[in-house]
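Next up: some structures, all given as structure tokens.
The same chain A turns up in both complexes below, where it pairs with chain B and then with chain C.
Moving on to the complex of A and B:
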């Protein structure tokens, strides 16, 4: 069937079926998807559902530690997880550029299926469109997920219960994904690759469920990075956040790259981390549990909720000063995810 | 904030918020969307859910009878409707090209909201990404919908109950959308525009619910057109379809354009039609009810299920011959939806 994407692969006719059969079918094996009806039929869930969508346009599509397929699955299941939901079902839409290599698409499909399977998420619906050469860029993927909200975690994405004294915790080093993409785009990428943190946060979340009443807020710091998430949650509140710069975990290669390039790891995307705000009583326990997961080894407290500086995020810098942290403005790194 | 899309609008930081506030917020007003958490929280549904996703890359983005926004909402809600489900919630993802006019994006957002509201579908989750100039084409939209399966219509997308004698019905003229897009791309488009049939099929479906036991199959003939849908459903069955060419409703402007351009309306996409296979007893009643909807005025029987020619679609032509109808091969019209 040739080695690259043709416009006819997007026709909805015979060529589309050939593409599905040869590239997607070996990996996307859910019976609801194979039925190829217009919708997947799912067993409903009593209680509440979480529902989220994200487009992925990352460039390059392969990077150290992952690829656009793994990223697209993790991104959406992480959004469900930090909303306090167990991811159940996912729908995937591809926009392919004419001429895109089928071998690369196959690698991506394999990676998506492996990531979904490892996280017990069923890929139940899909769509493929093709645009002419120069009207897209290799492959864009939109993933949309449904999860079942877990009891006790219904409010965790709103942060309504945050109060002074609470601990601000991050599950690992910050900025790895952003730095990895940045390094991949250099004319001379570093000899030792900078690994993206691209991963599912479900193992980390799984260990925290029975601490639900002590977890005030969770979010994954993707676009905009840790700084933007903290600014968003603090905005218009009658409390503030005090960050301790020397407590913020940054990988050595990431900080080196950031110094060279004038980037700030606090604003670089993570794709496998969780920011968690927890009660002072159980903050240590949250960190201890995160550390039991491979992805949570570097979990630590990076700050506290304060009654001072309401609505603001202030960082105590390593050299002893203070710095007001504001939301990301401009876009230092387009197409990070 | 300028008049066109900047890369920074995709940063996830301040500019993204500005874009959301100024362009999307006036139209996308669902409280779950405005909460801007990572997932929308929905009240679960007992029973079964239908779940579907589609990317829309239509070119041009504005065409007679619709635009990419209306098409993206109708396309997904129609997929739910023909699966026998009542559409409830929808997630929307945008991939914008740097330089795309904000005025056009606003028009599209308005159109999406109006279409969703008119059909009682809540837009509850969204995402926006931006790609550099020349790496996309104005705007691509992926919509993903969830619906609640209606009792009695659970099997309607599988066509498992189809048997010889059943009536093949179409809810209106075929090929209008494909012809409209084709005409829009001509250097000299026709003086009288060829209107797309882009519309919700929910009003048509609503009238058929209590006939559920007589409805063996439903699908909307989008990419690949009527011919491809009929070939797909017939493949590997022990029955065939006999189509009557002179019974197939084709708009005069569409057939004129097709003759000139060497296109076949049977292979052109519809975006507001339903193919329905119904019992011989209630076939006439199905047509009568379709005709009570403005979009169903031209509903009619176009063929029957036969025990002859198993697995095949055979058309009795207007001049008295027979023609074997096969699935679309190649792609006469890329980026039709």
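Moving on to the complex of A and C:
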């Protein structure tokens, strides 16, 4: 076995088996995967299922606070979690570029397995393809996940029960991941790295299960950031959102970088945060529960649902003025996830 | 009472008649809209966005020239992100890149020079746009490239200087009661460049910083001048701007660039308002190698960017605004840049 990916590793023959045996098998150990059947055979799950897929093409593949492997597992886990589902099974597919270092691939596989194990989700199906040098960029990963919808949380994807008076809550500082990727790409990255928030939000979601009837909406603000999630949910509704700018938690390094580069943290991606809209009665309790998780230490209320300004997100600025928040247009940062 | 509330109260006290103040700096456009400053001011104060966003005033002809240059497979075209989506007559750098041109985003001209060092077999062209704030940095890199005898690094200059445009605005009968003068530009140029505006055109000028209190204080100072019937140049942004500016940067600009007539969107040709690269540095001049740029191109039909940039129309009065022209699919340059009047209006106020 050499040190980098060859086209032959994608041939389906001996080299492919060798790649699987030496790089993936030590980490991906689920019996249904090892069985090497064309499909993983799973025990049927009763009730409603959540099913999602996501592709990851982030550049750079290693960034402060994570790597493309951890991101690929967390991204899909988080999509299931904020849909009110407990993740059960995942499938993963790799597109590798000829010449990609095996050592890097091993690091990524190890990171994926560690993240999946820590979140009790089984990697039951996988695939690998190799493309010629220059036809890909190191490694692209697609993950697919299935989860069981938890009772009482069926509504959280849609936000159908949102009404004036509800609290808008974020589980931590916003824009960390987008800022981290931006900083990693600078000619001279900052001396103290800007850490991505890349993490599973399952622990946060788990802590909220018994408050289900008070949780109106949950989503993870990835591409497009917090602003875009709030605009999407508010669009065409007969209520609006009033955000309070000084309540929105932003890491000092992130806000410094944003000022320098003309970016707005509200539009930068998070990869380990939840936006939650909760009833006014239990808003405080939701925040308290979030704060018990390491990823939720900076959880706080950032705004309220209002009957004024229906269909719009209006922000009270730091100086007491108001401005409109609109959806992200264009792409401030290419390939962040 | 905090400083902001105090200033707002003083502005309310001072404001008697309708006034129109114009800023000519993209940073001010953005700050005013992001902070929601208009929402704190009396209705009688109108804040207009002038020709202060480099992308907005640059002609479609410049984009056309850039695309023509980039169609050469030897060329790596490097640009600030703001320019990438600006429509030319037949496409943008973004569509050019999609069709196979090598167009790369850089954060500084130095980064572009770095690419030229790494790829000596390719011709690296940097799109130099911006006012006195960015021109000295580009001048420094041009000088650096010459001293290392770099034969594959070029700048396509569309650099412009601000005072002739401010003068053109006022000499063409556009009613303004004061200029919120650009803070960053003035750190380089100093305050003397606005003297003739105050003296000859009788327009109050205040050089402003970018924080909420800076902008509000500037508005207050302008109102006081209006009420006293005076017109002078004041520096509000004293922590960054000195009357004499930055002589070293000015000297660098002077060494590398010469003044030439240039075309501005909304204002047309303004004498001595653009910066071309001097003959001594022509080894770095993309125009010398690839041919002269005609700045003026075909403007998109119905686009009122020109009227917006000269304070004659608000963005929402343009027929294309919000329907044909949005940040996702901009018709005119003012909708492309985050500092553009139309995009800023669309994002924060619409």
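What we mean here is this: the second predicted complex is superposed on the first by the 337 of 337 C-alpha atoms of A that agree within 3 Å, B and C clash if a C-alpha of one lies under 4 Å from a C-alpha of the other, contacts with A are read in each partner's own complex, and residues count from 1 in each chain.
One rule holds for everything that comes next: contacts are C-beta pairs under 8 Å (C-beta built on N, C-alpha and C of every residue); 3 or more make two chains touch, one makes a residue touch a chain.
Fair warning: this is a prediction, and the values are worked out from it, not measured in the lab.
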Identify the partner contact of A:262: answer first if only chain B is touched, second if only chain C is, both if each is, neither if none is. second
Scan A:329 for contacts with chain B and chain C and give back first, second, both or neither. both
Contacts of A:244 with chain B and chain C, given as first, second, both or neither: neither
Check the residue A:228 against both partner chains and state whether it touches chain B (first), chain C (second), both, or neither. first
A:209 in the overlay: touching chain B, chain C, both, or neither? Say first, second, both or neither. neither
Touching A:35 in the superposition: chain B (first), chain C (second), both, neither? first
If we overlay the two complexes on their shared chain A, which of chain B and chain C does A:320 touch? Say first, second, both or neither. second
With the two structures laid over each other on chain A, which partner does A:137 touch: chain B (first), chain C (second), both, or neither? first
More chain A residues touched by chain B or by chain C? B
Chain A residues touched by both chain B and chain C? 329-330
Looking at the complex, which residues from chain C come into contact with chain A? 4-5, 30, 33-40, 85, 107-108, 110-111, 114, 212, 326-328, 338, 346-350
Complex contact set, residues of chain A against chain C: 186-187, 261-262, 264, 315-324, 326, 329-330
Could you pull out which chain B residues touch chain A in their complex? 6-8, 10-17, 35-57, 59, 79-80, 82-83, 85, 89, 91-95, 124-132, 134-137, 140, 142, 144-149, 154, 157-158, 219-220, 222-224, 228, 232, 267, 269, 327-332, 334-335, 337
